[in-house]
């Protein structure tokens, strides 16, 4: 039946999605953003922030596994991890699969995290209650600038830098310089970098070029995210190890305890993620350096 | 401006897309299907058949390169190629990049091919006028059943088997048995196999299991198609050679003449396409054999 | 903000409405119909049955006053009133403004009436608790056929006769013959008769012609209903008195106690409602007689 | 079939209409506005300016008859008529039904008038070629301010005063003072006044109150316009004669030559149009005077 309630998502100014709603779960606002949690027919439960889909039950695992495991495995033995953003708790969940000592999650929006905790338990799956987890509700930039702790892996799981939004200053060269300083010797940073598609790839190009200014190794990789209806880009930067050259056997060994419970990631897939379509490979070097003075302008 | 003309695409019963239209090019019907050719803001010119997007200017090359080159390269030296369907002429265009002697294209809908020839010249790029091309307007099944010619590569570029549609009987075990007989010794078949996503992958599973009944080597691969808003599956079947084990140097050598003019495909990407997400790899063997008595039921 | 939840109403196959939702109140199903109660931006709280708007806070009074008062005033002194359908209780509310002894409301869908009672108190405004009110949950046709009570005014406040729906057999000549028998000497029947527009007026024409077979006086009138986005038709049939010829002074006297609290109806407007646009006046006699064997087919 | 091209009309920020398109006729821009002429399933051919429906084949006659005939009949014997705006030519067509000497139409948008002439011949029906017609492409305010001709009837058929649009200064007290001066002794002005609905009636209230500052007789009337999905308001102002008190016989006599070819208007309906719903009658006096310094702000 066509009639009924639908969620309208403005994918872009020129492409609208209408998702048929099966169940209304939560509609409201936090201090930072509009929050809609609904169950839609195709994707199951889904979280929309300011009208944009953030993750959906059917395939949040694709995004979160793709974001976390390549970075964790690029570091030879990560013990201390920090997540920037990560509201739903699923990034935390994936990080905790590894034998780490401490996972710190810094998200500015406490209300959102509480809503996800209550309404999206499949996402965090108890990760918030793991004794290795530490939640901090703060601006991630201030937090890192005013700390002298170091981390083995930094996972940037932030919303796109919409004009005036809270994440705008978390993608600049100045911020990444701070991140570099807070990384331990073999430290690895991974940044969710929005679309890897032919049209909307300005952002990943800019992130790539900006990180190249600071890190010796920078690699873009991609994964198709069904509920985003896009191929998605991630940028991994390290102080030395190249994610493309991790031996297959090492990956197999290090994920052996949990490989069977993964949804998307496999050792064989690891290398494949780093092979880019020609158009994207060719375009990468044409990005511009993002700075505090020239923060990213998000247009899609 | 929100107001104006939009193309409504029923992606599924529960997910609608609205594409803002920039220019109307053609709206009409052939003997087989409703045809809409419009220019939309994000994807450029786009062809819709019975309301479903078939290909779009911005990234038709992803689909057509991904469909053609792996199969052509899996055969050691293809000379005779046949395309089943392929209305726009872009599959033909890609096949003709290789040093073949003859490319036969069998499409049931002559009016559609004429419309594409006139309105989508960027797709065929003159392929229809290449002296190696031969166009036949016929049902591909009857054509192959009533012929005794053999082919090195068979490319199935058909629309999804909608109930009562013209392609329903072109995905069955009986038909693929005919294809097998029409293939030369090192012959290769590739079948566009619809969605590779977590939800809508019944079709590729069925095609995979059906081809496994007949061919010694069957491989599923995938590519993210931006304008389809999906990760897309293809199934390659051969009488012997495994597409996963073609030496990188051979691929480089055989595409060297045209590698720089490709949009999507690279020798490095070749192997990556064949690495599947775990959920899809795990699901493949659960398909059912498609037969003339139990033709595919398309539900998405 | 365009993004968010919208109610999609299929006004017709070719005209869709999207209402921005401000607040979700109730989504569910009764034994008879799908019920959505939402607050939309323009119309306030609104009730949708099977995806069609039934009434909205901003102007339900237009519909209910237009339905009730002309019939009540056409009878010289109504004491016993029966409402067929009338779920929300607002028709009852308007009837009770007059000095009647008993208002019986017969609605088949008890769950719906309970939902309206709880969620739409502005509609019934306590009418359900008036000691003159009597609620019966039954099929109105069976109820009238198996009763020998008589009524001064019968108000048919039924949903459109969708194929297979509960109201199909409540618009036929046979049923209206029963109604005629249950009417007292000066008895009056009014039937909400759907659209009065140039395109969708088949239904009111059929109701008109059907009632003409039985009643000596039949008059169609109309009122513009904002939230229906239509001019709406009503058909009034009486055993003698003509609603077009009620003296203005009589109307003024009989509504004087509550005239100031009405939203839409005035004595001056009474006569104006009965003046039809030429296209509708000309079309009326071209209806067909609705019978049990040829029940109405609702197509809009 | 749901799929295909639709016209999206933003009725308000919170209410969107999607009209299924049957045929594309013209899409383009003039110097003043975006023009879309399409044939939609329900309404036939329709003209949209800047995304808002202006008139549709199925019922343009309702709007144009309701706009023209009450004013023409309020003047005892009109000979000289001027139309402000009126692009499609249908207002001119209705005015020419009366035995006038000269009908001057002043529209700022020559391109639009040419498009209507070519693509909407059913609207003008040859009125542009009547020897009594005189077309002037100019700003109507400048035209009237710089002329000393007088008119018996002035018909304001302008688009709503959208911010920055060409009609903003054509609804002010200063402009209506000019109109008053250009009217002959028994002169009549009629102004199309947008929605008569409970929600969106600020504009008609303001026009009413503004005209009351200048004219001795001011009457608001209304007609339900199907393709506008609204009850529509008109404001008639005269130097003396009251449109509510024209004898029925006079109306019958003066329209007798063309009464049978009208679609909407009848002598009986004339008086009914002037009877307003109570909510609108009560609200009228609460408008504010529109002046050049405080031009109308259109929000719907």
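Order of writing sets the chain letters: A, B, C and D. Residues in each chain are counted from 1.
Quick note on the criterion: a contact is a pair of C-beta atoms (placed from the backbone, for glycine too) under 8 Å apart; a residue touches a chain by one contact, two chains touch by 3 or more.
On a predicted model such as this, the values are computed, not experimentally measured, just so you know.
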Worksheet item: Would the interface of chain A with chain B count as same or different, where same needs over half of all numbers used to appear in both copies?
Response: same
Worksheet item: Using the average of all C-alpha atoms in each chain as its centre, how far is it in Å between chain A and chain C?
Response: 55
Item to complete: Quick one: report the Å distance separating chain A from chain B, using the average Cα coordinate of each chain.
Response: 33
Worksheet item: Of all residues in chain D, which are in touch with two or more distinct other chains?
Response: 2, 6, 16, 18
Fill in: Touching chain combinations (by label order)
A-B, A-C, B-D, C-D
Item to complete: Flag every residue of chain B that touches chain D in the complex, lowest number first.
Response: 1-10, 16, 18, 21, 24, 27, 34, 36, 38, 48, 50-52
Fill in: Interface residues, chain A side, partner chain B - complex
6, 12-20, 40-43, 58-59, 62, 196-199, 222, 224, 226, 229-231, 262-266, 268-269, 271-273, 275-279, 281
